[in-house]
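The letters A, B, C, D and E name the chains in turn, as written, and every chain counts its residues from 1.
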Amino acid sequence: MLLGTVIENIWATRKEDGLTGLTFLVIQPGVDQKHISSEMPIIAVDRIGAGIGDRVIVTQGSPAGAVQMDLKIPIDAIVIGIVDTPTNGT
Amino acid sequence: MLLGTVIENIWATRKEDGLTGLTFLVIQPGVDQKHISSEMPIIAVDRIGAGIGDRVIVTQGSPAGAVQMDLKIPIDAIVIGIVDTPTNGT
Amino acid sequence: MLLGTVIENIWATRKEDGLTGLTFLVIQPGVDQKHISSEMPIIAVDRIGAGIGDRVIVTQGSPAGAVQMDLKIPIDAIVIGIVDTPTNGT
Amino acid sequence: MLLGTVIENIWATRKEDGLTGLTFLVIQPGVDQKHISSEMPIIAVDRIGAGIGDRVIVTQGSPAGAVQMDLKIPIDAIVIGIVDTPTNGT
Amino acid sequence: MLLGTVIENIWATRKEDGLTGLTFLVIQPGVDQKHISSEMPIIAVDRIGAGIGDRVIVTQGSPAGAVQMDLKIPIDAIVIGIVDTPTNGT
């Protein structure tokens, strides 16, 4: 999976069928602030409530459809986890 | 998913079976005009009416076939959304 | 899909089962002569008669098996279209 | 498959359904210490007990779900082997 | 498919279920000796007897499992052909 940071929300009113109600986020790939990737941001669906600035784990390709949604939905990236933030003092 | 801009139409009269009538677009990957990607343009099928200059969200790989079309069609990229344009004053 | 130019034929007498009779082409990715990609050439199966020098559209990944062939064939790239050449005067 | 070295564990308390109990590792792609890749680390599931510093073989994409787990789990990378360490004197 | 050269064997005693007895090769992507790729080597399964130095065609992704093996095996790359060597005088 890819590790990245949520940088933006994105909206598309005109879209393929079956995508209504899904949240689309712009994710900047990169392990942490010190290792910002030069790779292009990607767009991923989010169902677990990730917000701007969260570090997230993103599954790509056809396994992205392997959530409880209809397998026929044409998405290729989904946020599967929000990385735990170290607590104060760590 | 990938974010890009439609730059061209492309036609192929000689093609594999099952692709007749589909619209093929050339898409330049890149988040916006300020961050033009050096990645090569890709070809994607469009069924929602994207035009040249539109910023679009493209699903790649086998989920691209997960639209209401026949799953046997050999395509690996489809436009799933046209990104909303900010209205005047934004 | 990827856009590229056929640069060579390639033959493999020793191969996995189920691949006998298929034509394998070496394809240089790149939109046109002015934008030759630095990406490595790829190998794709061709069933529509593409020749050296033809600009072709190539589908990659598991959708490449989504042609009328046996889905169990281990290929990950197929030529799905030959791009139309502009006629004289264009 | 990709060859890499385990560099870190990663935890995500908030995650998609079906992922509870899985171990997530951060893997630095690269053949060996002399050929460290400039590619970004990836996140992979591990079920065979790989530890930090182990050189591992990672399967990516939908075959990563082809283990005895539920095929509906949205993961796209899994450690499938720990590369044998040469014994003393080698 | 990818074209590359076999550079090494690799062994992993500790591995996921279902992989016992398979041969794993390290493959350097690259069209020929003159165009050595800067891409990282990949690991592929071989069932057709490729040896070190052989130029091979490698199928990646889920079609790699589309050989007569159990589709549940978590591999994402397989050697599907050994490129014919030009005979003397060619």
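The rule we apply is simple: a contact is a pair of C-beta atoms (placed from the backbone, for glycine too) under 8 Å apart; a residue touches a chain by one contact, two chains touch by 3 or more.
Please read all numbers here as calculations on a predicted model, not as lab measurements.
Each chain gets a centre from the mean of its Cα atoms; for subunit D and subunit E, those two points are 20 Å apart. Averaging Cα coordinates per chain places subunit B and subunit D 32 Å apart. Multi-chain contact residues of subunit B (touching two or more other chains): 61-62, 64-65.
Taken together, the touching pairs link the chains into one ring where each has two partners. One closed ring of touching chains is present, and its order from subunit A going to subunit B first is A, B, C, E, D. Those residues of subunit C that touch subunit E in the complex are listed here as 10-17, 19, 24, 26, 40-44, 61-62, 64-65, 71-77.
For subunit E in complex with subunit C, the touching residues are 1-3, 29-31, 35, 37, 39, 47-49, 57, 59-68, 78-84.
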